[in-house]
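Step one of this worksheet: look at the structure below.
The chains carry the letters A, B, C and D, assigned in the order they are written, with residues numbered from 1 in each.
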Amino acid sequence: MSEMDKIVYRPVRDELAYTFGGRMPVAHLRSGDVLQVFTEDCFGGLVRGPADLPSQVCRMPYLNPVSGPFFVEDAEPGDTLAVHIVSIVPARDWGISTTFPHFGALTSTTHTATLHPPLEERVWVYRFDRQAGAVRFEATDSDHTIDLPLDPMIGTIGIAPGGFEARSTIVGDTHGGNLDTPQLRAGTTLYLGVNVHGAMLALGDAHARQGEGEACGAGIEIAATTTLIVDVIKGEPTPWPRLETDTSIMSVGCARPLEDAYRIAHHDLVTWTSTLTGLNVLDTYQLVSQIGRAPIGNVCDPNYTVLAAADKALLPAAGTPYGGMHERLRQLAARQQ
Amino acid sequence: MSEMDKIVYRPVRDELAYTFGGRMPVAHLRSGDVLQVFTEDCFGGLVRGPADLPSQVCRMPYLNPVSGPFFVEDAEPGDTLAVHIVSIVPARDWGISTTFPHFGALTSTTHTATLHPPLEERVWVYRFDRQAGAVRFEATDSDHTIDLPLDPMIGTIGIAPGGFEARSTIVGDTHGGNLDTPQLRAGTTLYLGVNVHGAMLALGDAHARQGEGEACGAGIEIAATTTLIVDVIKGEPTPWPRLETDTSIMSVGCARPLEDAYRIAHHDLVTWTSTLTGLNVLDTYQLVSQIGRAPIGNVCDPNYTVLAAADKALLPAAGTPYGGMHERLRQLAARQQ
Amino acid sequence: MSEMDKIVYRPVRDELAYTFGGRMPVAHLRSGDVLQVFTEDCFGGLVRGPADLPSQVCRMPYLNPVSGPFFVEDAEPGDTLAVHIVSIVPARDWGISTTFPHFGALTSTTHTATLHPPLEERVWVYRFDRQAGAVRFEATDSDHTIDLPLDPMIGTIGIAPGGFEARSTIVGDTHGGNLDTPQLRAGTTLYLGVNVHGAMLALGDAHARQGEGEACGAGIEIAATTTLIVDVIKGEPTPWPRLETDTSIMSVGCARPLEDAYRIAHHDLVTWTSTLTGLNVLDTYQLVSQIGRAPIGNVCDPNYTVLAAADKALLPAAGTPYGGMHERLRQLAARQQ
Amino acid sequence: MSEMDKIVYRPVRDELAYTFGGRMPVAHLRSGDVLQVFTEDCFGGLVRGPADLPSQVCRMPYLNPVSGPFFVEDAEPGDTLAVHIVSIVPARDWGISTTFPHFGALTSTTHTATLHPPLEERVWVYRFDRQAGAVRFEATDSDHTIDLPLDPMIGTIGIAPGGFEARSTIVGDTHGGNLDTPQLRAGTTLYLGVNVHGAMLALGDAHARQGEGEACGAGIEIAATTTLIVDVIKGEPTPWPRLETDTSIMSVGCARPLEDAYRIAHHDLVTWTSTLTGLNVLDTYQLVSQIGRAPIGNVCDPNYTVLAAADKALLPAAGTPYGGMHERLRQLAARQQ
């Protein structure tokens, strides 16, 4: 197709980025371009077996690398960047999860600081059966195993923040980043409000699957080859990350405490839905209170994430978000597969 | 049946209770008994139309009445009470939702105290189409309507707390109470750790449906006729409320901030699952981190609720919770319908 | 004096109370009465040396006993009870502090639930030199000692809550209770909004001193003989506990997370100060923002406490709180000493 | 003195910085140098009277400018930068405070997101009487005035963060930044763990005074001329900002929720004190629990601040922090005045 270029990018080690913002672009994209990008896992590929404890083989701040940033032509502050996820393919036949000292939801942390020594640091290796779409959990202290459905997602995806900031890739915020929500799977369109000229998209930290909250601090961490289509919605700002699937719209809140993440997400969903439907704000508040779902993303990163989701089928007379962008990208994606 | 009595209870107004604990029983139950109980809505049935503002027609503390308590024979501290929900039938053809001054998730509250005047107090009336299984949302400021699936749940169910306490029915805690989770629907078994001789079960506050978080502070509030089967698991304590369905086990955490509710629920699910499967605790932490779901109950009550849920199908070699109590009550329930 | 009776009360063990509310009065007081009351320490006097680990010698829920309740004649819902602290005298020559499993600010707790085993439980015995006004810290793992100023305070003081509740004495809330703030020392007047006929005052849990936040979960816990004067302010409600000294007014907030305790306290101080000074609310918000102090009470109990304090000397044209009640009780107190 | 140079710096408008990190240095300092630096107020000097509403005259992200960064020779990652505050002199005879839409402690905010419209935005102008050491509060809605003590402090001071980040000057964190604590006054030494070569010190946002928590979101904001002495402690890292005065040591925690800021600060104070005294950690936890003070800095910025403070006189056999750095800088400062 004339209007769709396919950009393929695979970073060499020195090109990996550890911040959103503060970096020069690795490539340029235009609206409608397809991007196929390789991303390393959150350990930079250095944890490969039970003996590779992350605190020993990884070196701060070289964690959670992202590939990018990609300069998106035409993207300016005040616009919205649409990123449709076409596919996420694990790059290897295994994934890794670990505990990590003073990181996670059921442990004392650097911020929920206590006098406890850290929990034991341990590595779990999951083998994949691509044919069966399964990832195998193997216990470390017993013989138990169980097959879990493969459900690949992107943990970290975002653009440069505003205000001249450069933020660690560990953080999720208005610019996206380490959202760590299972909703970022193939078929989803992500909307991000552009802060700087060129948007500066980057991504990494794919998971073969992840529970809600990412309790131990890690999903099943994988290197992956991800295919995206990007587009720009001119002149329409987006305050917090938003997601759209064929059946739902979702707003993302990133904050601590967790109730503020919930509040941000629901405030945005109410505002957005009010605009889409023409319902006044109190009526929308009421409706969302009865139909809203609130899937938790992570409860371990510097900012927790909660989503607020509404089924399109339960919204009266709803207009189409962002002028039908999701449907259009969906169709473009179909041609890719 | 010889072993199953059916107790039918419909309170007169003066019998409504506003605390868990501190009350004499209204009836006695034995293990295996079926209880059919009428519960008023959270407004005591006093809000019947747009003009009935709760802050005007209701009088504190006469909100969120429960029916009971029921003395369960054989239930002693250290035991677990099992309560299986057979059915929840709306008692009227309509339900009510409202905003309420300084109560809810997207408003300044008495505790998240600010200098804002309250949001507008408003009443929404939902009509039911039982045949279609639908409840109709009607906007108050425009002509929009939409039909939502009827999905009845019990908002408030619990037993007497320990430590000589009597707690308002607005509060959820280890004794159950105002959990406000959509998971408390027909087909679910609730497990509660008994604190006092006779357990002292009570319930109320049914909803025709509710979004996760109950953002505006109310579900679609209904009077209902609920059918339960109760049983006692002797000598097995339960630290926080637990739920079981045909496909899942769930632990409930009640706390502020919301991350503590998440932590409590997941801590309990990890501990419980470790016992059920024989996995060691760190292995269970890992597994739950990849399969756990974390449905939010409410983000408006004095204690927020978050659940931690695991699919039974994803637990390796799991034993049967509470000696197969859920399956047994499920079969008893089938005979009731 | 004809109008001042002195009531002396020393509970026998069976009279100790473990809730606010849900109890019959142990004695009656009239406005202006002097009450001299013995209170046991928070361990019920059972921890007397390093070998007496609280989790072994104490039995739940028999922790944090209070003496009372005292029925205050004339106190009705809508009134305010004034309690002036005349003196707090340690009953023994020693006090106790301990760590306690999963309780405290720098530890995993039952609510900030993690997978860590509890920190070591340990007992510290402090000896008092009344002449010097000193309490001696002695390290348990080395020879270090240091003398700290004796600064006695009441940890737990409150009345019956409303809404038919009975609340554990471990909890602080609108009814007072386990506030655990060093500001509750001799010379302070405490104001509590009355919820039930007779108010039902009770107190206990004195500390020889305590740091802000009570980080380890305990102050230097003592039995004490406390002298109070009580009075009733008719027809004037008080939403949250308030304190007055010769130089300051203070509002108390009890909540989680800690910022909500801060918000509650400051909201009340702004509202109260606005009434006292005639400043409009936004002007008062501004003034309190520049002069307010925010001493933290506890960060370990079920509800944390933060105070909002203002120096009377920095309030323009301030009226006298509660019609000069503090000054009047101060004078009555002077006659007691 | 040969070893003490005095560097005087006054930025022109284009030199003002809005991040820590991501900037080239404006000047170089050596250990022992005296820096006299002019800082604009947090509004960039653009709010000069009641009609200058910040949301209208200021433009995001050009808020809270800092002067700097200053490259400190010899400062390397793993070292600690000591910054002694010699004096803070208001640059004008007036200061400004304001409310700001959806910012502050007693208001709905962008993160504690609700459906309330913002509180009224209003400006207060304070006049200074330098002779009397007073700042005059004048009510906007009535004739009330009151003189408050002048107590100048630095709201924002920090160095470049690690991990290639550049952080908005609105944020406080391990690198310092917008700590907004009244403890940062003349006579205090601030210790910051160095993250990057040259440390990159910057400061701004002085206040004529501020209440604990900075409830309305602003202190009495001033331009100021501040005199500092800097020094480097080689090979000694500092995890979170620390303060030392002639009588106290203090650790600073920056986080949400507020209890995490408390935990961080107290964890660091316990660890630090343990090292200084030779007490084991549990003994130190106990001692700090009885002597610790917990002054709140701000409850309005992206990260709240709480301090943990201990009087040196109550620490047994305490060694001298950082090899006596505070005393030495104190003496150097004395020669400056």
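To be clear about the criterion, a residue touches a chain if its C-beta (ideal position, glycine included) is under 8 Å from a C-beta of that chain, and two chains touch if they have at least 3 such contacts.
A quick map from chain label to UniProt name: A, B, C, D = Acetamidase.
Here the structure is a predicted model, which is why all the values come from computation and not from measurement.
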item	value
Each chain counted as touching chain B and chain C at once	A, D
Pair exhibiting more inter-chain C-beta contacts, A-D or C-D	C-D
Furthest chain, CA centroid comparison against chain C	A
CA centroid of chain C to CA centroid of chain D, Å	33
Centre-of-Cα separation between chain D and chain B, whole angstrom	48
Distance between chain centroids, defined by C-alpha means - chain A, chain D (Å)	35
Chain D residues counted as touching two or more neighbouring chains	106, 112-115, 119, 256-257, 263, 266-267, 270, 282, 285
List of chain C residues in touch with chain A within their complex	106-108, 112-116, 119, 257
Residues of chain A defined as touching chain B within the complex	97, 99, 105-106, 119-120, 122, 124, 137, 139-142, 144-146, 148, 209-220, 256-259, 262-263, 266-267, 270, 277-280, 282-283, 285-296, 299, 304, 306, 314-317
For the chain D and chain A complex, residues of the former touching the latter	18-19, 21-22, 60-61, 110-115, 162-168, 253, 255-257, 260, 263-264, 266-268, 270, 281-282, 285
